[in-house]
Amino acid sequence: MTARLSAADIARRVAQDVPDGAYVNLGIGMPMKVADHIPPGREFVLHSENGLLGMGPAPAPDAVDPDLTNAGKQPVTIVPGGAYFHQADSFAMIRGGHIDVSILGAYQVAANGDIANWSLGGSKPPAVGGAMDLVAGARRVWVMLSSHVAKDGASKLVERCSLPLTGLACVDRIYSDLAVIEIDADGFLVTDILDGLGENELAAQTGAPLRFAPGCRRLRAELT
Amino acid sequence: MTARLSAADIARRVAQDVPDGAYVNLGIGMPMKVADHIPPGREFVLHSENGLLGMGPAPAPDAVDPDLTNAGKQPVTIVPGGAYFHQADSFAMIRGGHIDVSILGAYQVAANGDIANWSLGGSKPPAVGGAMDLVAGARRVWVMLSSHVAKDGASKLVERCSLPLTGLACVDRIYSDLAVIEIDADGFLVTDILDGLGENELAAQTGAPLRFAPGCRRLRAELT
Amino acid sequence: MIDKRYTSAAAAVADCEDLRDGAVILIGGFGDAGVPERLIDAVRERGLSDLTIVSNNAGSGDYGLARLLASGCAARMVCSFPRSSGSVVFEELYEAGRIELEIVPQGTLAERIRAGGAGVPAFYTATGYGTPLAEGKETREFDGRHYVMERAIRADVALIHAATGDRFGNLTYAKTARNFNPIMAMAARTTLAEVRTTVDMVDPEVVVTPGIFVDRIVEVGA
Amino acid sequence: MIDKRYTSAAAAVADCEDLRDGAVILIGGFGDAGVPERLIDAVRERGLSDLTIVSNNAGSGDYGLARLLASGCAARMVCSFPRSSGSVVFEELYEAGRIELEIVPQGTLAERIRAGGAGVPAFYTATGYGTPLAEGKETREFDGRHYVMERAIRADVALIHAATGDRFGNLTYAKTARNFNPIMAMAARTTLAEVRTTVDMVDPEVVVTPGIFVDRIVEVGA
């Protein structure tokens, strides 16, 4: 089998699919990497739910402004054309269907589009942030998975989520290190599969039935 | 009987009762006159529901700005400390209980505090504007009546309104050309009566029972 | 490159798919302040029919909104105060039974539009409770007070007027010409904005309508 | 003359009647941006008890909100994300069962606060439908989609942070330090604002929080 996709490979693949001019919310962590792979000539407007459109890259260490952070509380910058606004307006953008694409991580995604990405249970205080708003409100919800399978060997793609849900029937597409998978009324539909990976091998690492799209594309890890 | 109060007299009397620093919405027409009688040393902030706090007087004819109007669509000015905002924010001020006093005209006010001030029926298209929001949302609702009695001889103060209602049990006080009347759980309570007018004479011009407050004050028309 | 600018109001409305017969159209303005006159004229020239127009007033004189209504394109008007001085066109249509009217308290109208833009399908308000304008509407008590349930307004198209705009669609307004424009921009599938002046970039701290709510802008001058 | 300025945070909180045992207090900020640190310290020094604190996060380190919580004054926290890195104080209180937590999706938290300020007692939202955070809540279908009914949040006091303010209480904010501050200012009986700089007058076009929502302001420097 060829190398699985790196986080950067996945981010690059996701970025290719974001339409020019789209308003995009990137979840904390891996989804943030999408911003580093915007194809030349294309312009996305990044939304940060703490109250910013036009989020730019991290500032130089000597240009950090504590008043300008992202949803992960990290210092960021603003690009030309950006704007600041308060929380109710920021979530009006999300909940009112104005965000074209929300790209998030997940613990589990089910074949019916359910997603679980905010709680593993346990004694720690729960914390949800804007995840439930994003999956309920964005026009398209895409999940990025650095690995198709969790550390304990269980697939993150499941028939039904066992973890506490973030939202119901809301995920449109999954980008993992092994495949790109659409979710439609019939469940998982593979549109891209890692070059060299057999369909059965992918199915074995997936917790629900897979269908393969005609002309299913091959994904290749980039040499870097 | 002495002279009934003029509109200016009533406006002067109302203005005396507005607390210093209050946020006040003045209805179109007669209530607007209150702005001309703010007592020296006192500062009110006038709210205009089309999106303005700090409404000032009409501009000089050569200083009219079509972008700066009041709720009656007349040209106005803005005073220091004012602000512009959109309609949802403007009505959040009204509906969220942030306006200290709403001063409006009325066709009828009932002893239970109901008010009718937006429709006389007829074939013309109805029009309500912000009246229902103001009576439902302002902390205090005061009604100004240029005449206690309508042209047809019927009192504007009634047991129950016969005209289409603007709001239920919301009027706190009435200022007419004959009296100042509080509305409490038991109905109309006269706190000020026109000097020279007998209690029975006032009662005869009022469509519901009156009580008179101990130490009921006398109102005098001002010579102008 | 994102560039939402169009060269004319006619060009901005020409290929707008959401502008079609039967569409619901939000039109900004309060009285004559902040009314997107040029966009209204351009829409009128499209010769559409069966429109629902949502606007605080119903136009006056024989220009702008009144002229749009006079063209007979609107079947229905949602409005808080259609009876300004000079609203002759609307009054005639209304009295002739040629246009339907839904009258809405001004704050409820604003809140319903804002709800439409914010993904809130319905909310409760004390405004109008017990009045003819709440007849037939669901009511409910919270903490001892009575409220009316109101539904959000969402539209196909919003026509708005602004003072300045940039290529991203960020907008500022002039004084009380702001009025309904920012909330209407949020509540339509396609928002068209006419601006007095286009600028390179609106200062991000003073943007009133962020570009995410605006699809097309056209500079129309003062 | 209207003048809402106080000489210190301590003076601003000293005679505030709404600041009392059992009060509900909104506290602005997101992470460390836009947090009214000086007002929080002044409230802590009042030694109140049984407070309900509504804030997006639950503080971090041993300063500001975390230090307020460490003082034991809060019985209950309403919060969207109390588990930032360094939220040790809150986690310890929570795991020891010494503080109650209501976890609310961030947008629902914002909308509930905004509703509180706008006189909306309840509204519907798709957020959270079918998840553990909607358990026990009323749900309802509109146009084929399911929604949860959420109640407004109103508070006794809001503590907010702003960039500039004038004697009327008009405020502007700095960048993303705006966050929850403007909506919290709307939703409390008494709103106290700490501002970096007081100015003679905020430009009426760029006011973000009009003075009507602000009761007291105190200049605290950068």
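Here the chain labels run A, B, C and D in written order, and each chain numbers its own residues starting at 1.
Methods note: a residue touches a chain if its C-beta (ideal position, glycine included) is under 8 Å from a C-beta of that chain, and two chains touch if they have at least 3 such contacts.
No experiment lies behind these values; they were computed from the predicted model shown.
Trainee: In contact with chain B and with chain C at once: which chains are those? Just list them.
Mentor: Chains that touch both chain B and chain C, as defined above, are D.
Trainee: Name the chain whose C-alpha centroid is most distant from the C-alpha centroid of chain B.
Mentor: Of all chains, A has its centre farthest from that of chain B.
Trainee: Between A-C and A-D, flag the pair that has more C-beta pairs in contact.
Mentor: A-D
Trainee: Centroid of chain A to centroid of chain B, CA atoms only: how many Å?
Mentor: Centre separation, chain A to chain B: 56 Å.
Trainee: Between chain B and chain D, what's the gap in Å when you average each chain's C-alpha atoms?
Mentor: About 35 Å separates the centre of chain B from that of chain D.
Trainee: Cα centroid separation between chain A and chain D, in whole Å?
Mentor: Distance between chain centres: 30 Å.
Trainee: Got the chain B residues that touch at least 2 other chains?
Mentor: 78, 84-85, 88, 91, 94-95, 136-137
Trainee: Note the residues in chain D that touch 2 or more other chains, in rising order.
Mentor: In chain D, 111, 114, 118-120, 125-126, 173, 175, 204-205 touch at least two other chains.
Trainee: Just spell out which pairs of chains touch, all of them.
Mentor: Per the contact definition above, the touching pairs are A-C, A-D, B-C, B-D, C-D.
Trainee: Can you tell me which positions in chain C touch chain A when the two form their complex?
Mentor: 1-2, 114, 116-120, 166-168, 170, 186-187, 201-202, 204-205, 207, 210-213
Trainee: Please give the residue numbers of chain C that touch chain D in the complex, ascending.
Mentor: Contact set of chain C toward chain D: 111, 115, 118-126, 140, 142-143, 145, 147, 151, 172-173, 175, 204-206.
Trainee: Of all residues in chain B, which touch chain D in the complex?
Mentor: 20-21, 23, 43, 45, 47, 53-54, 78, 80-85, 88-89, 91-99, 136-137
Trainee: Going by the contact rule set out above, which residues of chain A touch chain D in the complex?
Mentor: Residue list for chain A touching chain D: 48-52, 65-70, 73, 78, 84-88, 90-91, 94-95, 119, 123-133, 136-137, 164-168.
Trainee: Tell me, which parts of chain D touch chain A in their complex?
Mentor: Listed in rising order, the residues of chain D that touch chain A are 30-34, 56, 58, 79-84, 87, 90-91, 94-95, 101, 103-111, 113-114, 125-133, 173-183, 208.
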